[in-house]
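In the part that follows, the structures are each spelled out as structure tokens.
Below are two complexes that have chain A in common, paired first with chain B and then with chain C.
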Partner chain A sequence: MAELIRVSKQGVDVLGSAGTVPNNLIFDSNLNTFKIVASGTTTGTIPSGSLGTIHVAHGLSFTPPVTAFVKRRGFTNALTVGAFRFFPQDDYKFFSASADPGSVNFEINNTSSNAGTFDISYFCFEIPL
Partner chain B sequence: MSYKIAISKNGIDVGTAILPNDFNYSSDYNTLKYYTGGTITLAGTAIGAFTTTTTQGIISHDLGYIPFFTVYMNPPELSSGPYYPNGYANLGAGANDYASAFCGTANLVVFIRLENGAGGGTQTGTATFIYKIYRNNLGL
Partner chain C sequence: MGMTMRVSLPGYDCLTDGTIDHYSIYADSDNVLIKEFSRGTINIGPTFPNNQGTITHSLGYIPLAFSFANSGGTQVFVSGNDLSSSFPFHMNVGTSNIVLTNNKGGTITFSYFIFYDQL
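Here is the complex of A and B:
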């Protein structure tokens, strides 16, 4: 008999048929988890009306899948990749997050009338690309 | 000697496995810790030339920090799927429509924005946002 570790959500009988449905579980040792293999923060300043790129070394031996979030310094809300804001002084689009064998790379289009400093929080995941 | 919990994938010796993708779980690696999720639907109308309408929906999370989040939304001009991650923009000949999201220390905010050009008319749009918020602190 194969052994496993399985934790169901509250109200779900882990030993019943419902306990075999992945969406009813908190954890199942048979199912891969989404592992964060590297993460960090970085900062860049982008002039007004410019598309800026920011790079940071990820330190991995492979090219990882990456996602990221950005917040303009002095403001209170963060965006994720592909999102945008239209508010005065806080008008920008987080164009892309990508990775190559050495770096994770971010493109931000600063469409506001002022230069801005952008703080980025990034996450690299397993499974080499 | 440090200790850890590790569960290797089927067929892989947990005692010799090294790579992250040899494991179903390893306490060496952080994971995304689910907090809450749901759906919210927004509708808007822009009437007349050079008018812009923005409709917001606010989801309270009250974590006290900006958390890891994901949002999927459908194109407002279609009022149905497919679903796009994080942000959608349709730049048309006479009208544009957008859907996107941002998050602060207390709320996740989703919105649709409808822009009419010189031709005016009435533009309507409806988007359903499917969101998930995790406990992981972005540190922003």
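Here is the complex of A and C:
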């Protein structure tokens, strides 16, 4: 019999039939757990009414899949890629997160009439197929 | 008491440390590790209707899913909204499939990961 480790969610009997349903589990050693291989933060300033790209070196030996969250300095909401907020809120659009062999890159369209400083948290994932 | 599984990072005591980012694994009912259902790649493009690709998952619910587009050697995170003219790709996730769209032209290779974890 193959060995495995399973941890069920609260209220689920890991030894019963419900314990074989992946959505009822916290962890299953038979299933790959998607791994973050690198993460970090960076900051950049983008002029008013401008589309800018903020870069940071990822330090990996390959081009990783990446996602990120950005928050405009002085505001409270963090945006995911593809999200945007209009004036009188944060007034910018998070266009894209991408990675090339050397760096991770974040396109932000600052639609405000003021220059903005943007704080970014990013996560690089395991190599895709 | 609910079950938990924790593996601390070097220098931290997993029996006493309550800070979640001091752990390489911190799993309980409120912090579930995401479990991979399937992964793969699909080539999409260049023009309508071939600028969309569908991956069937048949899970019966909307799962967590990620997709990344390889645009000239740059890996681009694919969101639900293609705001960027440089990377005009987007993804929709449904209860039986995910649909990827390439509005850049040419043929783009998308990598996708679908998880058992329900949104």
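The working rule: the second predicted complex is superposed on the first by the 126 of 129 C-alpha atoms of A that agree within 3 Å, B and C clash if a C-alpha of one lies under 4 Å from a C-alpha of the other, contacts with A are read in each partner's own complex, and residues count from 1 in each chain.
Note that a contact is a pair of C-beta atoms (placed from the backbone, for glycine too) under 8 Å apart; a residue touches a chain by one contact, two chains touch by 3 or more.
In this text the structure is predicted, and so the values were computed from the model without any measurement.
With both structures placed on the common chain, the touch criterion links A:A18 to neither chain B nor chain C. In the superposition on chain A, contact of A:S29 is made with chain B only, not with chain C.
Within the superposed three-chain model, A:V66 lies in touch with chain C and out of touch with chain B [touch as defined at top].
In the overlay built on the shared chain, the residue A:A99 is in contact with chain C alone; chain B does not reach it.
By the touch criterion stated above, A:F84 is placed in contact with chain B and with chain C alike. Look at A:N109: by the touch rule set out above, it reaches chain C but stays clear of chain B.
Of the two partner chains, neither chain B nor chain C is touched by A:V56. In the superposition on the C-alpha atoms of chain A, the part of chain A touched by chain B in one complex and by chain C in the other spans residues 27, 31-34, 80-84, 93-94, 128. On the side of chain B, the complex with chain A involves touching residues 7, 9-10, 19-21, 23-26, 29-32, 54, 66, 68-71, 84-87, 89, 98, 100-105, 109, 113, 138-140. Here chain C touches chain A in the complex through residues 2-5, 27-29, 31-37, 39-41, 61, 66, 68, 71, 73-77, 79-84, 86-87, 90, 111, 113, 115-118, going by the rule given at the top. Listing the residues of chain A that touch chain C in their complex gives 7-10, 22-23, 25-28, 31-34, 63-68, 80-84, 93-101, 105, 107, 109, 125, 128-129. Taken together, the chain A residues at the contact with chain B in this complex read 5, 27, 29-37, 39, 41, 69-71, 76-86, 93-94, 119, 121, 123, 126-128.
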